[in-house]
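Next up, some structures in structure tokens.
Two complexes, one shared chain (chain A), two partners (chain B, chain C).
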Partner chain A sequence: MKLELGYIQIKDIVFGNESKISNGVLTVDKAPIEALAKEDERIKSVTLDIAKPGESVRITPVKDVIEPRCKVEGDCDIFPGTIGSVKMAGFGKTHVCKGMAVVTAGKIVGFQEGIIDMQGPGADYTPFSKLLNLVCVFEPVDGLKQHDYEEAVRFAGFKIAKYIGELSKDVKPDTTETFEVCNFKENMEKFKGLPRVGYVHMLQSQGLLHDTYVYGVDAKKILPTLMYPTEVFDGAIVSGNCVSACDKNPTYVHMNNPVVVDLFKQHGKTINFCAHIITNENVYLADKQRSSNFTAKLCEMLALDAVIITEEGFGNPDADLIMNCTKIEKKGIKTVLVTDEYAGRDGGSQSLADADPLGNACVTAGNANEVIVLPKLDKVIGTLDYVNKIAGGNENSMRADGTIEIEIQAITGATSEVGFGKLTATY
Partner chain B sequence: MKYIIITNNPLVRDTYKDKEVEFYDIKYQEILQTVKNKIALGHKILTHPLSGSVKPKETPYKSIMISKETVGANATEVDLESLEIIEDAIATCEKFKERSDKWTPQVLKDFQLVDFTLIDSAIDSAKV
Partner chain C sequence: MVKEIERAGIPVVHMCTITPISLTVGANRIVPTIAIPHPLGNPALDKAEEKKLRRHLVEKALKALETHVDGQVVFDK
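Showing the complex of A and B:
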């Protein structure tokens, strides 16, 4: 079974009277997008803006970042089970609007939504500063509860991304890439002799405003299960997570999961990438034990030699990370953990809330407590009302001269725990 | 499973009038200490103390679910796993700088809501 991704490089975005993609330029007619957003009576208004790499623009508070995609072949939909039909995704042909994103913003809770700077030192910390961003700032109707506001913005974001994606349907892709998956029997025969490697993909699922959805199902309610790794490319996993800007996985990151992409690159060469296992990070301890038991069992049943485990979030998910690691290691399967750190502003404190000697192969995505000073930028899309209040900010964050002193945990995607960033270390 | 919620969150107290809630008007880290004292009496911890992506001391609110029953017959036994979890959480909490007393009323309400939603998701699980 194959999925072909056709990449259409978007070189510019402009507003106009007719939505279209022509010669790499996306023209956006605001009216149909406003109408899509207002299909949900919980949304009072949406303000559209464009932010381009290098501009003196700050976007905040960011809720989600989404890549526009469109199915052109295959009996399935983009964002299956969420706004598309619940048919299995991950095969056929999908067009991808590369180099751009739909960014959703809104003051859902008075803290925690992130910052994307398009210029300056903050821009270096977020992968989304390199994209042409169509920013949608949503205003809720009066008196709307936060979780309803979150849900309304989540769905509106997907609908707008799908609308933009569909403009690419008849455009010839600049480049294509094919990902091939096969069933277990074929897999065992075809790649005999190569180490069997799996990916244990932990999804944020602690409660309202900390959620992830799989084919529309709240990940809190799943038992660990298996996916074809191509399914994420069609938006099978989406973010409903409003908190922890630096290390949450926006939908864009799920759709471009770099662990999946890199494992595919080695598949059939140095490894046999034969399992994408998803699991959750619930707050109830018995749920953690059940899920980590099932994850370890799946790894054992699949006779894996090694797994990569990625987490999402900090604190409570560290406990799931370590449970997954120790239980899988005790089955005789090697693990590599990918996480970020909360090691204090000086980097000297213990990085994770939990640890175990079996977790002895670990990749860090950076210290979220690291402090940075962001310069004053000319334009703000959204509002700065919350900069003193978002995670990583404090009462002195907004300085009189307009600069912001803040921990990098406030920057969207700064310490992505699937490695969707550019932070590196040399020594 | 029968449980008790230990909390300093007024929203949890006011919403769960039909549930067994012990409300204390104390700081975040004092809630962790209160839970540790309960564990010493034989209660088991049922939710992870560092739930939520809002960091310790950033939010002033914390709600933790413990078992109503104690391990052992005469409350002299301690669940070592629970003890380890709460001690690790207290150690982690000490790394964070105190800043939770500087919030506006609206932000405090939002913090209450986030803590409430976390414990609410555990109540669903505890029904199993």
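Showing the complex of A and C:
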């Protein structure tokens, strides 16, 4: 089975009277987008804006970042089970609007969402400063509860991204890339002799707006299961997070998961990338035990030689990470862990809440407590009301001269635990 | 905190949900609780049932405090 991604490079975004993509320029008519958002009676209004790389613009509080895509061939719609019908994703043809994103914003929790700077040192920490961003700031109706507001904004974001994606349906892609997957038997025969490598993909599922959805199912309700690695490219996994923005995977990151992409690059050459296992990070100990048991069992059943495990978030999910690591290692399967660190502002404290000597191969995505000073920027999309309370901020974060002293924890995607960022370290 | 209080000669029971972390950090008497967002309660229960649950957890912790241990013990029975 194959999935072909057709990339349409978006070079500019402008507002106009008719939504279309022409010569790489996306023209957006605001009216149909506002109408889409207001299909949900929980949304009072949406304000649209455009933020471009290098502009003196700060976007906050950022909820999600989404890449517009469109199914051209294949069974499913984009975001299957979430806004599309519940059909299997990951094969056929999909068009991708490259170089841009739909960014959803609003003061849902306020102190938990993130910051995207389009210019300056903050821009270096977020991968989304390099994109043309269509920013949608949502206002809820009066008295709406936070979890309803979150759900309304989540769905509105997907609908808008789908709407933009569909404008690319008849556009000829600038480039294409094909990802091929096969069944277990074919895989065993075709790639005999290559090390069998799996990806254990931990999904944030702590609840209370720390959530991820798989084909529309709340990930806290799943048992670990197997995916074709191409399924994420069609939006099979989406974010419902409104928490410390540095290390939660926005939907954009799920759709472009760099671990999946890079494993595909080596597939059939140096490794046999034969399993994409998803698991969760729940708040009950029995759930953590059960899910890590199942993850290790699946790795064993698939006769894997090695796995890469990525965490999402920090704190108690560190316990899930270590359980996954130790149980898989005890099956005789090598593990590499990808995580980030909360090692204090000086980097001197213990990095993770849990540890084990079997976790002896670990990649860090950076120390989220690292402090940065963000300059005053000319324009704010959203509001700065929450900067002093945001996770990573303090009562002195917002300074009199308009600069912000803050931990990189507050910057969307700064310490991405799937490596969707620029922070690197040499050992 | 658990370790510092014990260092002062006062026995401690650590009531927590993620007992593996408690084991890693070195608590000696560990009583498992309900869930991270609500360690000592359960909003799914009605008031009377929840009170019973809470009393049970506290009694279990007091019992653990009286129990002699050699090394780390999770009171999960």
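Convention: the second predicted complex is superposed on the first by the 425 of 427 C-alpha atoms of A that agree within 3 Å, B and C clash if a C-alpha of one lies under 4 Å from a C-alpha of the other, contacts with A are read in each partner's own complex, and residues count from 1 in each chain.
Everything that follows uses one rule, which is that contacts are C-beta pairs under 8 Å (C-beta built on N, C-alpha and C of every residue); 3 or more make two chains touch, one makes a residue touch a chain.
It should be emphasised that the depicted structure is a prediction, and the values quoted were computed from it without experimental measurement.
In the three-chain model built by superposing on chain A, chain B clashes with chain C. When both complexes are overlaid on chain A, the residue A:344 reaches chain B alone and has no touch with chain C. In the superposition on chain A, A:335 makes contact with neither chain B nor chain C. By the touch criterion stated above, A:147 is placed in contact with chain B alone, chain C being left untouched. In the superposition on chain A, A:323 makes contact with chain C only, while chain B stays out of contact range.
Between chain B and chain C, the partner in contact with more residues of chain A is B.
The interface of chain A with chain B overlaps its interface with chain C at residues 206-208, 283-285, 288, 316, 318-319, 353-354. Taken in their complex, chain B has these residues touching chain A: 45-48, 50-56, 58, 65, 85, 88-89, 91-92, 95, 99, 102-104, 106-107, 110-111, 113-114, 117-122, 125-126, 128. Listing the residues of chain A that touch chain B in their complex gives 109-112, 146-147, 204, 206-210, 220, 243-244, 248, 282-288, 313-316, 318-319, 342, 344, 349-350, 353-354, 389, 391, 394-395.
Of all the residues in chain A, the ones that touch chain C in their complex are 206-208, 283-285, 288, 316, 318-319, 322-323, 353-356.
Of all the residues in chain C, the ones that touch chain A in their complex are 17-21, 24, 32, 34-37.
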